[in-house]
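Read from first to last, the chains carry the letters A, B, C, D and E; within each, the first residue is number 1.
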Amino acid sequence: MAEKTEKMLLEQADQYLLPRLEDLDLPLGKRTRLHRLLYEHGPGNGTLLLLPIDHGLEHGPRDFFVNPPSRYPDYQLRLAREGGFSGIVFHIGIAQKYMRNYVGQVPLVLKLNGKTNIPSDEEALSPVEATVEDAVRLGADAVGYTLYVGSPRQDEDLIQLGEVRAECDRYGMPLVVWSYPRGRFVDGGPGRNSLYAVDYAARVASELGADCIKLNFPKFDEEKKEHYPKEYREREWTPEEMMRQVVRSAGKAMVLVSGGSKKSDEDLLEKARIALEAGAAGFLFGRNLWQRPFEDGLAITQRLKELMLRIGA
Amino acid sequence: MAEKTEKMLLEQADQYLLPRLEDLDLPLGKRTRLHRLLYEHGPGNGTLLLLPIDHGLEHGPRDFFVNPPSRYPDYQLRLAREGGFSGIVFHIGIAQKYMRNYVGQVPLVLKLNGKTNIPSDEEALSPVEATVEDAVRLGADAVGYTLYVGSPRQDEDLIQLGEVRAECDRYGMPLVVWSYPRGRFVDGGPGRNSLYAVDYAARVASELGADCIKLNFPKFDEEKKEHYPKEYREREWTPEEMMRQVVRSAGKAMVLVSGGSKKSDEDLLEKARIALEAGAAGFLFGRNLWQRPFEDGLAITQRLKELMLRIGA
Amino acid sequence: MAEKTEKMLLEQADQYLLPRLEDLDLPLGKRTRLHRLLYEHGPGNGTLLLLPIDHGLEHGPRDFFVNPPSRYPDYQLRLAREGGFSGIVFHIGIAQKYMRNYVGQVPLVLKLNGKTNIPSDEEALSPVEATVEDAVRLGADAVGYTLYVGSPRQDEDLIQLGEVRAECDRYGMPLVVWSYPRGRFVDGGPGRNSLYAVDYAARVASELGADCIKLNFPKFDEEKKEHYPKEYREREWTPEEMMRQVVRSAGKAMVLVSGGSKKSDEDLLEKARIALEAGAAGFLFGRNLWQRPFEDGLAITQRLKELMLRIGA
Amino acid sequence: MAEKTEKMLLEQADQYLLPRLEDLDLPLGKRTRLHRLLYEHGPGNGTLLLLPIDHGLEHGPRDFFVNPPSRYPDYQLRLAREGGFSGIVFHIGIAQKYMRNYVGQVPLVLKLNGKTNIPSDEEALSPVEATVEDAVRLGADAVGYTLYVGSPRQDEDLIQLGEVRAECDRYGMPLVVWSYPRGRFVDGGPGRNSLYAVDYAARVASELGADCIKLNFPKFDEEKKEHYPKEYREREWTPEEMMRQVVRSAGKAMVLVSGGSKKSDEDLLEKARIALEAGAAGFLFGRNLWQRPFEDGLAITQRLKELMLRIGA
Amino acid sequence: MAEKTEKMLLEQADQYLLPRLEDLDLPLGKRTRLHRLLYEHGPGNGTLLLLPIDHGLEHGPRDFFVNPPSRYPDYQLRLAREGGFSGIVFHIGIAQKYMRNYVGQVPLVLKLNGKTNIPSDEEALSPVEATVEDAVRLGADAVGYTLYVGSPRQDEDLIQLGEVRAECDRYGMPLVVWSYPRGRFVDGGPGRNSLYAVDYAARVASELGADCIKLNFPKFDEEKKEHYPKEYREREWTPEEMMRQVVRSAGKAMVLVSGGSKKSDEDLLEKARIALEAGAAGFLFGRNLWQRPFEDGLAITQRLKELMLRIGA
């Protein structure tokens, strides 16, 4: 009897690994805006393919050197429109200056915080430079917030996130949290992409009200595993199992997987397949899509979307 | 004559070791909401059995490994409903995503602050991520706040608590304070669960306006007793006396005892018995109830409630 | 002629050593509330006898061990009522939970800030946990604020006090400042009860808008006198002269003398006599009154009041 | 031609070394209030003689020992009235308690910030304890603000000053800035009264919106001159030239010279003469006027005013 | 096909190296005010020549020694009027005291933040002393903000900038960002004028909403190049290429080049030529124009304007 109940519960829960809009308890504003991202743009089957272009702030113009046209946001906007993305991610200055000609064609996700990578990351904190009200004013369909999970300054970060979350609730604006383990206790410990840290980050964002959570692909680092709690060390993990673990920890929030630095197409698609099969809702791939010639970017986009239509359906 | 007066005063005071709603001087909103928790749900005799599920933020998903279904908040909601708890404790993200189907069946205690355990606890501070207004909006019957008593950053903490307390007074929202000694002066001194520190924490929360106070079971640590004030060292303490001491220090605020990490059933029930006999109003047991199969969780819940109905009446 | 003017000025000034309500330039709200404390309760002759009970926050429950009934605020309320005090000092949590039955009989002085003594006092700051508006809401007749004069964090403290002072002006609420030299520059220098530091504290509170100033009895510490400015070292000081000095520095603010830790009755009364003769307006004696059997507390209260009626008149 | 233009410009500029109210572009409120200080009180010829009495906060009561009646603000008020000062400078507590009988006779300059001198000055910051609105409420004719130029915490200071300045613009309240070089980069470098630092301080206050600037008399310290920029080291400076330099740097803001610790009458008058001839608008002399018998204070006041009427006209 | 698209994109993007007002997507208020600066004053062909005079705050009066009349803001105002500048840059105190006679003739750019150079620049932050609302009140046509890119306190800086940016959007006020790499990670690394740092600074300001970006002329410092990312080290850079790189990184924000300390005329004009040819919109030259006799200043101004009319057209 007890076991039956639990089995039933687990099965029921696994229905939500990829949460469906109709199953979520969302206010009308969030529902309307997410509907646009999930069904009116991009793959259109309830998955999300977002094109981020915040690298100019986070890394500097250096990320554009390998493909010079990418330094102009028009490049990514055109890629987003021609490739049929769910939306594009911009900071306010870029959004205000470049979106005009893409209205109705490329939904905007306004990134609210960000910073340069010049100072040390030991006490990382990403300051808010724009507001949810800005996002409303600009017609955005979601906002993005980077949370540095485990940073020594996490208290400031969590308060700041809480304020953004409250404004999102007030305006019915979907909240995408970049949930990134960071800071000296992480980097000097389990590592920012470790299964333990990414899994924790997934749950933290879910507990604090994210609608979507951007995560890095988790890995199990043998050399640092003494920094993992024993619960993670007691067993072996395949990439599939690690991805499924973090998707489960995100609960009813949708998981978006980061691309990180540029990889081979096969690596990228393999990663994408694992993520989708584990229940991820989609991707926030940037450099992997625009650090290459435009037509190549379109081509890999198509392969990704096919995968999303096949597995994410 | 003098002694008679004092004896009378002490006896009168001991009537309040378990404060009764009708004896408290509360505004209508607090009274209405506490009535729901104390008499319309749970044991129903003026005691409180709350199920906390904030571990995903405070400890990470690792706490769910021993009982995988517990990682889905539906598990605890079902346990709270089937076990007949007074209420469930959630952070805002979980509350907003999971409560819908339990409305009217499981009262919500919205936890307003919380943090990861990745950074050091030396200067502990738990940042506020949700507001009393959120709690009102979500139909919650109480809010929870973690106060790190004695932390080097206690000034920020006390100001933050003061703001939450004022909002609770404004909206008639009951305030449950997790009153936890913490920080380098505590951990490098008497210890966070020491009688001295827990007793101090009980009084601090009461002085600052808590309606209920969550405390750890106090202990007398021989090895650290040189860090206790002499008043505590001058005598011997049984567990019963220590619990009664902290209940007295909480005054007209209700004491809820924490479970902490998982224990044997007999230990847990023995602890519960001591607490109830000392005047505690109930329990905030989490891992001890859901880090086990569902039916076992229900079973131990029933034993606890029987105890509460018998002793707490 | 010049000397005559100055003599006249000094004499005139000495009229104010114990300021009289009718001589003060106060707005109606402050005048009404102070009238209650000065003439409608307590000795009733323009002096003040306040019973503070903030020790549970400042020191912890240990202060109640020597007289167990004192741990219940009812004890002090009863003492205040039966002893006929001018008012009682509580933090908000205690005020809200215990005052009900004493309304109209014991005026409330709401203490707005306070802290535990667990962290080091090197950079002392006492955070605000309640507001002047709370005091208005609760029908209090004054508020209390602890200022740590000379603390390295005095800038935060002075800003916080300034905000409380402005609210007091706005609502006509009398402001009692606990003006305590503190922090590493004080404790590692002249000492917190040194004549120099207490005298400075008296003037600071007066400059910043206190209506009443709580001071410790000043002393001249031979061992630390090299930390005193030369103006203080150039002469000998009797206790009477030291008290008169600090009363003069408080100007038109009324001086209330602290009791500190428990003393013999004769010491206490002798101290009280010196203070009253020097122009102090009264006392904020806590532990000296309630760390003893109830009837003893009443008895010493009567002796104090007799002194206040005789000398303070 | 070019030289002619520049000569003309310099000459024109030198007209403003002592700015005249009619030549300044001021809103009506500032004009009305400054008119009171400049023409309806004090010397009455557009110069300013202010009597500051903030020493009780900045230095403590020790400054009053040499002339005991000076510890009562009535002493300075009487001196201000009988000596015919332009105004008196008080903190809010003193202003509220002592001004009543001098209304219409002694204008008030409300000092908004101040601190004790107990903590180290290495990171000096003077916190705001009263507001421009307080000044309006009390009928003050100007406010005073101490800026610690060059302090490591100058960013907080400048923001605080900016807020005060904005309120002054809002209410038409004249702003007097005590512009004092301070902090470890100053005291460990050129020195707080060095020509370089005082000159810089004059310009900073002018750039940020001061109407009047209180400066210390600049000096050229041979021992520290390696900390001066080369522009200052390249030439010799007489006291007259140094004073003229800082008056020029203050631009259209009026320069008020501080007295500092007590000096001989001849030194004081000589300093005053140099300042007036260089274009200073007047003085903020405190200890030099009231650390002496009343009639002596009146006498030196008369000599100062004669000088102001003769040179400042 | 792919290559064709990219070529087209790059060419299209290069149209914006010098953004034209009619091509920018600006709200009416910003458009009106920028029109005044770009077409109604200065060269009048869509380029900008601004005269900054914030040196009194940033460096102190020492900058005026070489040309004494320059210490009076009238000097620069006259130069701006007679030389026909697009506008003048002042802090609020100077603007309020000196602009009156130049209304309608010299547009005002109100600089909102600034600081002295006395404290160390290791953790540089420039505090806000005036508001966008002040700028509106004073009839300014733009505001200026200094951002210290890469400073350890960048989080505070970015939040502060975000607030200014939001107010600019609210009031339609153009925002000029002084985007300066600074702080110990910059100065101890690539250097504040390094190509890498200036290029990053250009993009950061553009991402965060600047309408114009003031940059220093970038340089490639062989000795520090190991601190540059490899993307910058992999090739050789001419001054022309470096300037074009940073103009591209600024995107649709207009680049204004700083003059820095005084140079020879030929150096200055050569620098100006390179900048204009690379697509810069103009200059913020201060010391190079007013640290010389007035007629010389006018003469070099004319040479600059001729260049701007010729190349910037």
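In this text, a residue touches a chain if its C-beta (ideal position, glycine included) is under 8 Å from a C-beta of that chain, and two chains touch if they have at least 3 such contacts.
For clarity, every value in this text was computed on a predicted model and none was experimentally measured.
> Any chance you could name the chains that touch chain A and chain E both?
Common neighbours, chain A/chain E: none found.
> How many Å are there between the centre of chain C and the centre of chain D, using C-alpha atoms for each centre?
35
> Using the average of all C-alpha atoms in each chain as its centre, how far is it in Å between chain A and chain C?
58
> Among all residues of chain D, which ones touch two or more of the remaining chains?
none
> Classify the inter-chain contact topology: is it line, ring, star, complete, or other?
Topology of touching chains reads as a ring, each chain with two neighbours.
> When the cyclic arrangement of chains is written out from chain D toward chain E, what order is obtained?
Moving around the ring in the direction of chain E from chain D, the order is D, E, A, B, C.
> Write out the stretch or stretches of chain B touching chain A in their complex.
Residues 54, 56-57, 60-62, 65-66, 68-69, 71-75, 78, 91-94, 96-100, 114-116, 118-120, 125-131, 134, 137, 293-296.
> Within the complex, which stretch of chain D touches chain E?
1-3, 5-6, 9-10, 12-13, 16, 24-25, 149-152, 154-156, 158-159, 161-162, 165-166, 169, 181, 183, 185-186, 189, 196-197, 199-200, 202-210, 229, 231-232, 245, 248-249, 251-253
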